[in-house]
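Okay, so here's the structure we're looking at.
Chain nomenclature is as follows: A, B, C, D, E, F, G and H, assigned in order of appearance, with residue numbering initiated at 1 for each chain independently.
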Amino acid sequence: MKLQKGDKLVMTGDSITDAHRIPDGEGPGDARGRGYVNMVNALLTSVYPQLDIHVINMGTSGNTVRELKGRWTRDVLDRKPDWVSICIGINDVWRHFDHRKQPSLHVSLEEYRSTLEELVASTLPSVKGMVLMTPYFIEPNRQEPMRAKMDMYAQAVKDVAAKSGVLVVDLQEKFDRMAQHVYNCEIAADRVHPNPCGHMLIAKAFLDAVGFQW
Amino acid sequence: MKLQKGDKLVMTGDSITDAHRIPDGEGPGDARGRGYVNMVNALLTSVYPQLDIHVINMGTSGNTVRELKGRWTRDVLDRKPDWVSICIGINDVWRHFDHRKQPSLHVSLEEYRSTLEELVASTLPSVKGMVLMTPYFIEPNRQEPMRAKMDMYAQAVKDVAAKSGVLVVDLQEKFDRMAQHVYNCEIAADRVHPNPCGHMLIAKAFLDAVGFQW
Amino acid sequence: MKLQKGDKLVMTGDSITDAHRIPDGEGPGDARGRGYVNMVNALLTSVYPQLDIHVINMGTSGNTVRELKGRWTRDVLDRKPDWVSICIGINDVWRHFDHRKQPSLHVSLEEYRSTLEELVASTLPSVKGMVLMTPYFIEPNRQEPMRAKMDMYAQAVKDVAAKSGVLVVDLQEKFDRMAQHVYNCEIAADRVHPNPCGHMLIAKAFLDAVGFQW
Amino acid sequence: MKLQKGDKLVMTGDSITDAHRIPDGEGPGDARGRGYVNMVNALLTSVYPQLDIHVINMGTSGNTVRELKGRWTRDVLDRKPDWVSICIGINDVWRHFDHRKQPSLHVSLEEYRSTLEELVASTLPSVKGMVLMTPYFIEPNRQEPMRAKMDMYAQAVKDVAAKSGVLVVDLQEKFDRMAQHVYNCEIAADRVHPNPCGHMLIAKAFLDAVGFQW
Amino acid sequence: MKLQKGDKLVMTGDSITDAHRIPDGEGPGDARGRGYVNMVNALLTSVYPQLDIHVINMGTSGNTVRELKGRWTRDVLDRKPDWVSICIGINDVWRHFDHRKQPSLHVSLEEYRSTLEELVASTLPSVKGMVLMTPYFIEPNRQEPMRAKMDMYAQAVKDVAAKSGVLVVDLQEKFDRMAQHVYNCEIAADRVHPNPCGHMLIAKAFLDAVGFQW
Amino acid sequence: MKLQKGDKLVMTGDSITDAHRIPDGEGPGDARGRGYVNMVNALLTSVYPQLDIHVINMGTSGNTVRELKGRWTRDVLDRKPDWVSICIGINDVWRHFDHRKQPSLHVSLEEYRSTLEELVASTLPSVKGMVLMTPYFIEPNRQEPMRAKMDMYAQAVKDVAAKSGVLVVDLQEKFDRMAQHVYNCEIAADRVHPNPCGHMLIAKAFLDAVGFQW
Amino acid sequence: MKLQKGDKLVMTGDSITDAHRIPDGEGPGDARGRGYVNMVNALLTSVYPQLDIHVINMGTSGNTVRELKGRWTRDVLDRKPDWVSICIGINDVWRHFDHRKQPSLHVSLEEYRSTLEELVASTLPSVKGMVLMTPYFIEPNRQEPMRAKMDMYAQAVKDVAAKSGVLVVDLQEKFDRMAQHVYNCEIAADRVHPNPCGHMLIAKAFLDAVGFQW
Amino acid sequence: MKLQKGDKLVMTGDSITDAHRIPDGEGPGDARGRGYVNMVNALLTSVYPQLDIHVINMGTSGNTVRELKGRWTRDVLDRKPDWVSICIGINDVWRHFDHRKQPSLHVSLEEYRSTLEELVASTLPSVKGMVLMTPYFIEPNRQEPMRAKMDMYAQAVKDVAAKSGVLVVDLQEKFDRMAQHVYNCEIAADRVHPNPCGHMLIAKAFLDAVGFQW
C-alpha cells in the first residue's frame, strides 16, 4: 500500500470527480460528493481505518484542463497534499462536439498535453506521488468521432505520466472491459457521467493503482 | 463466490438498508438509495460484470421486525429471490429508549426472535441462501444501556442463523473494530445511521460473507 | 395537400410526441407541448390558416405500444379524428436495454408488430388517413446493439404500413441524413429525445408525407 | 439562399425575440428561447444541415430602440455577425398607451427612426446583410389608436430599410393576412405576444426574405 | 337605499366576480376576493355601517350560465339571500372565439337567454330583489366580432330583466363611457379582466342601481 | 373638486399607505398596493376619467416620521407632485409599546411635530396643496394607553395643519364613528392595519377633503 | 405534588393549547408544540425527572367546546389519562365578534356551560383529577365587549369546576395581574395568542394548581 | 434576586444559546430563539413582571471561544449590559472529534482558558455581574473520550470563575443528575443539543444562580 498513515490525498478533476461535493471538499456526510472520491474515501476508511488517510475532493463540474490550471495553486498546492490525483480531459474533448460553433471553448490536444505536463511538473517536487487518470467515453466503437478524439487525449495522459514517472490509470480500458458485459448506456445514459457502478469502477481502478488490498 | 450468474438478491431491513431508495428498489441512478445496498450492487457490477447479479433494495425506514413481517410476502417472497438478506432490529431496541412511554411500540426480545425465525423458516425452502446481519449500536461501552440491549438482540440473530443454518454477519463486531481507530460519533452522529464509510463497512461485511473477491 | 378544411388530426405516441403537452392536448399556449406536434400545428396554422386543421396531441411519455393500446379507445377513437398519426416503439426497444433485468417490461418484436397492426385495423375504417412514423435511434453505427434492434422494429412499422396501405414516415432515415452533418449527440444527448432541430425534422417529415407545401 | 455556410446570424429585438432565451442566446435545448428565433434555427438546421448556420438570440424583453442602442456594441457588434436581424418598436409605441402618464418612457417616432437608422448605419459596413422586421399590433382595425400609431412606426422601418438598402419584412401585413382566417385574440391574447402559430409566421416571413427553400 | 338593515346579498358570476375569493365567499381579509364584490362590501360597510349588510361572493372563474345553473341551488338558494346579483355571459361568448374548434364548450344565445330566465324565475319568489349586470367587452369598435356578439348577449340580459321586472346594470355602456377617456387596454389588458379602476366602475354601477348615496 | 386635470398626487406614509405597493408606486395592476391609495386611484379614475389624475403611492411599511424625512427628497420632492398627502405617526407611537425596551426606536411627540412641520414647510412652496391625515388606533376607549398617546400625536397633526393652512383629515374620528356599528377588531385584528372596509373609510375621508363628488 | 409517578396527563383545548403540536401530541422535539404544554412538560421533566410524567397535547386550533366534544372519546378518553386539563372557550366567544354575521358558528353561554359540564361528568369517574382553565381576553378594560362576554364564559368554567369539585385555574386573573406591568399588546398582539411569556404564565398557573414546587 | 429593575442581561454562547434567534436577539415572538434564553426571558417576565428585565440573546451557532472573542465588543460590550452570561466550549472540544483531520479548527484547552479569562476580565469592570456556564456532554460515562475532554474544559470554566469571582453554573452536573432518570439520548439525540426539557434544565440552573424564586 503506497499511501501512508496520515497522508493527505487531493483528488481533482471535472464533474466526474466533483459529483456534488461541498465547497470544502471534505467533512461529514456527502461532503465529498456521491461519486468515486466518496467511494475511495469510504473504502480507505473502512478497510484501513488505522491509516487515517485524509481525502479531499477538489473536482469542479465543467472544468477543462484550462480552468483546472487557473485554480491549481488555491485548490491543490495550498492544501499541501501528500498525494494528488487528476482526472481531466472529457470536457476538453466534448466542447468540440456540443459547442461546435464556439471555438473559444475548445481545448486543443496540444494545449491539453502541455498544460497537464505543467501541472504535474509544478506539483511533483512537493508531493509523495501523483496519479493521472485518463479521460474516457463509454462507447465501444473506437471509430465513433468523440471516442476517437478521446483516445488521443487519453494517450496524451499516458505520455505525460510516462515522461514524468507518475502513476497512470487507464479508465477507458476499464470501461471498455465492463461494457463487454453491461450495455454502455446503462453505465452512463450520456456515456460520460457514470452510475454508481461506473463510479465504483473508477474508485477500484484508482485504489488498485496505489496498492490497496480489500 | 456463492452468488451465481443471474441470481436475484433482495436486501431488506430498516432505514440503514432503505437509505432513500425509490419504491421499486431497483433501476437507474439512485434507485437503490445511497447506502450499503447501492455499494453492494456497485461492487458486484463493477467487479463481477459477467455475473449479472440482480440486486433489489426492499429496506423501509422505521421498520421493526413486526412491520417487516407484515410486508414480507409482497416485498420479498413475491419477487422470487435467489438470495435474501435481512438487517433488522435496531428500531426494535431503540423504541424502548426514544419512545419510552409508548410500550405498544416496543418489540420484545421474544417477539423479535420468534418473528425472525418465522421469516427465515418461511423463506428458506424457496431460496438458494439467506444472510442475517445483526443490529448494532456504534458505542464501544458495552454497559451503555442501549448497547447492552442491542447485544441481546444481536445474539438472537446469531442464534436464529445457527439454528437454521443460514449465513450471519456480525455488524456489531465490525463497527467495534472500526471504532478502535475512528471516533464513533464520526461514523454516525446518532451512533446508528452511518456515514458512507460505515455503509461501506456493511457492504464489505456482507460481500465477504458471500465469498466476494476484490 | 391531403388534409382538408376542418379535419381533426390526432397525433399519438410516447415522450417524443408528448413533449409536456397538457392533458387536453389542445388549447392555447403550450397545450400541445414543445415538440413536433406543436410545430406541425404552428406550420399548418400559419401556412394554411384557411384550412382550420384541428390538431390534438395524445402522446404519453414512457408509452410502449402496449400502453398505447390500453388507451386507444379513450384517447383516439372517442375523439373521432379524421387523421391519426402514430410514433411508437422507442420504449418497446429501450426497455430491453435500460431495464435489462425486468423482462416483464420488454415488448417483443412480435407483440409490437401485431399490436400495431391491430390498432391500425381497428381505426382505418373510421378515418380519412393514417400516418405511421418509425421509431429511431440517432446513432449512425447500425451494428450498435440498440440501433440494430431499433431497425427491426422500424422495419415492422414499414411492413404494417405497406400491408394496410397507410402512409409511412421513415424517421430513422431522416435522422441518419441529418447526422451526416450534425454530430448525433448534439441532436439528442441521449440519442432519443431530440432538440428543437430534431423535432422540426420530424414535423417536416410528417408534413411532407401529407403533401404540405411551404 | 442568401445565408452561406458557417454564417453567424444575430437576431435582436424585444420580448417577441427574447422568448425566454438564456443569457448566452445560443447552446443546447431552449437556449434560443421558445419563439421565432428557436424556430428559425430549427428550420435552418433541419433543412440545411450542411450550411451550419450559427444563430444567436440577442432579444431582450421590454426593450425599445433606446435600450437596444445602449447594448448594441456588446450584444451585436462584438459578436462579429455575418447577418443581423432587428425586430423592435412595439414597446416604443406601447409605452404611450400603457404608461400614458410617464412620458419619460415614451420613444417618439423621430427618436425611433433616427436611432434605427444609426444602428443600421453603424452595422452595415461589417456584415453581409441585415433584415429589419416591422413592429405590429394584431388588430385588423386600422383606426384603433395603438394600431394607427404602430403603422407609423412600421412605415419608419420600411423607410429606413429602403434608404439603406437592407431587407425588410412586413410582419404587420403577415399578421393582417393570418387574421382574416384566425381570430386575432387567438393568435395573441394581448394582440402582441403571439402563440406558437404566430411565432412560426414570423419565422417563415424572415426565412422567405433570405431565400430559404423548404 | 333599497338594501335594508341586515340584508344578505349574494353576488354571483364568473372570474370578474370571483376575483380570487375564498371558498366561503365571506369572512375577514380578502375573503371576497379583490374585485368589485370586495369594493361593494367595503363601500357598504364604510358608508352605511349601521345597515350591517351581509355580502357573500359566489362568483366562480370560468363559469358560463350553464355552470352557474348547475350550482345555483347550493351556492345561491341554500344561502337564503335577500338580494342576488348576477354578472354572467362573458365566457358564454368568449368560448366561441378562444375555443373555436370545441363547439361543445359554446353556449348559444338561446341557451344563455333561457337559462338566465330560468334562474331569475326560480329565485324571484324568495328574495327582495335581483340585479342583472350585462356582460361586456371593453372594445369601443362595435363591429369587432367579439364585441358584436357580446352586444347580443347583453341585449338578452336587458330583455330578461325587463320581462321579469328586476334591476339591470348596463356595464357595457359604463365601460364605453370610461373608454372615451382611458385607453381600453389600460383598463383591461385582455379587454375583459379589469384593473382596480374598472372593478370600481362595476361596484359603483351596482351601488347606484340599488340607491347607494356616497 | 380641488384636483385638476393632469394633477400628480403623491401619497406617503407607513404600512397603511404602502399596502404592498411595487417600488415604482404606480403602473398597471396592484402597483399601488391593495389599500386606500389603490382605492383613491380607482375612484378618481372611474368617477372622473376625464381628469386624468396621476396617483403615486410612496408609503413605506414600518416608517416613522424620522424615516419619512430621510427619503422625502427622493420619494416626494423629486417627483414634482401637485398634491401631497401624508399619513404618518402610528409607528412613532407604537414603538413606545411594542419595543418598550429599545428607546432609540421611539419618536417623541416633539420630534414628531417638528419633523412634520419641517416636511410641510419644505414642500408647500412647490405644490398646489397638501393633505395631512391623523394617525389613529381603532380602540374606542380613550383611556387605553396607546389610544391616549395616539390622540396626542393626532392633535399635533391638526396643529401643524392649522398653522400651515393645509387640509387635514381626522382619521381617528372616522374610525371612532365606524366602530359604533362595527366591532373594532373586525375592522383591524391588531386595531391598526384595517380590512378593506377600513381602507375604504380612509379613501373616502381623503376624497371628501378634496371635494370629490360620487 | 398531586401528579404521581408515571401519571398520564392529557391537556386539551384550542389553538392556545395546540401551538403547532404534531398529530400524536407527544414524542421528541417540538411534538407538544411551542406553547404552554411544551413548557409544562419541560418543567415537569427537568424538575421532577424521577416522576416520569407522561404529557400529551390534544389541543386543536379553532376549536370551540362543540368541536371538543365531538373528538372527546377519540382524543381524550381512549388515551386512558390519569389527569385531564381543559382550556376552552375563547373561540366560543370570539366567533360572536369576528364572524358576527354567521350565527351558526356562535356557541351560546348555555351550550358552552352544559357541554363543558357533560365532558367533565363523563370523564371524572375514570381519572385521578381534572383541571379546568378559564378562557381569557388580555384586555384590562372589563367593559370592552369581548372582555365582558369572556368574563361570563370564564365564570361558567368556575361554576362547573365548583359544582364537580375539580381544580380550576383563573387564567384571566393571571393575565390581568401581568398586564399591570406589561402592556397587553406586548403579551399578545391580538390579545389572545400569547408570546412565550404569556405561555409561561399559563404553564406556571397550571403547575401551581397541581402542587408543583420549583 | 440578584437582577434588579430594568437590568439588561446579554446571554452569549454557541448553538445551544442561539437556538434560532433573530439577528437582533430581542423583540416579539421567537426573537430570542426557542432555547433556554427564551425560557429565561419567559420565566423572568411572567414571574417578575414588575422587574422589567431586558434579555438579549447573543448566541451564535458553531462558535468556539475564538469566534466569541472576535465579536465580543460588537455583540456584548457595545450593548452596555448589566449582566452577561457565557455558555461556550462545546464546539472547542467537539472540533477535535468531528473535524479530527483539520487541526486549524481545534481550540486547545490553553487557548480556551486564557480567552475566557480575557473576556471576563475585559467585561467585569463595566457590569453588575457575570455568569459562566460550563460546557457539557450528556454522556454519563466519564471515560468516554469526548466526555473526558469536556470535563477538562468545564473545569477550566470553574477555575476562571473562581479566580475572577463571578457566578458559575455547572451544567454538566445538572445533566448528569437528570440522566439518572431520563435516557441521555432522549434529552439530546446527539448528546449536545437538548430537547425542551434539557433547555428548561439550563434555564432553571441559570435562574437559580441569580436568586430567582418561582
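Miscellaneous remarks
Going forward, a residue touches a chain if its C-beta (ideal position, glycine included) is under 8 Å from a C-beta of that chain, and two chains touch if they have at least 3 such contacts.
These numbers come from a predicted model, not from an experiment.
The minimum number of touch steps linking chain B to chain H comes to 1.
Fewest steps needed to get from chain A to chain H, stepping only to touching chains, is 1. The chains that touch both chain A and chain D are C. Sharing over half of its contact pairs with B-H by residue number, the repeated interface among A-H, A-D or F-G is F-G.
Mean C-alpha positions place chain A and chain C at a centre distance of 41 Å. Computed from the mean C-alpha positions, the centre of chain A lies at a distance of 33 Å from the centre of chain B. For this pair, chain B with chain E, the centres built from the Cα atoms lie 66 Å apart.
Chain contacts: chain H has residues 28, 52, 98, 186, 189 touching two or more partner chains.
Applying the touch definition to all chain combinations yields A-B, A-C, A-D, A-H, B-C, B-G, B-H, C-D, C-E, D-E, D-F, E-F, E-G, F-G, F-H, G-H. The touching residues of chain B, when paired with chain A in their complex, are 28-30, 32, 34, 38-39, 41-43, 45-47, 49-50, 52, 177-178, 180-182, 186, 189, 195-201, 204, 213-214. The residues of chain H lying in touch with chain B in their complex are 97-98, 100, 141, 143-146, 183, 185-186, 189-190. If you check the complex, the residues on chain C that touch chain B are 98-99, 101-102. Within the complex, the chain H residues that touch chain F are 26-28, 52, 54.
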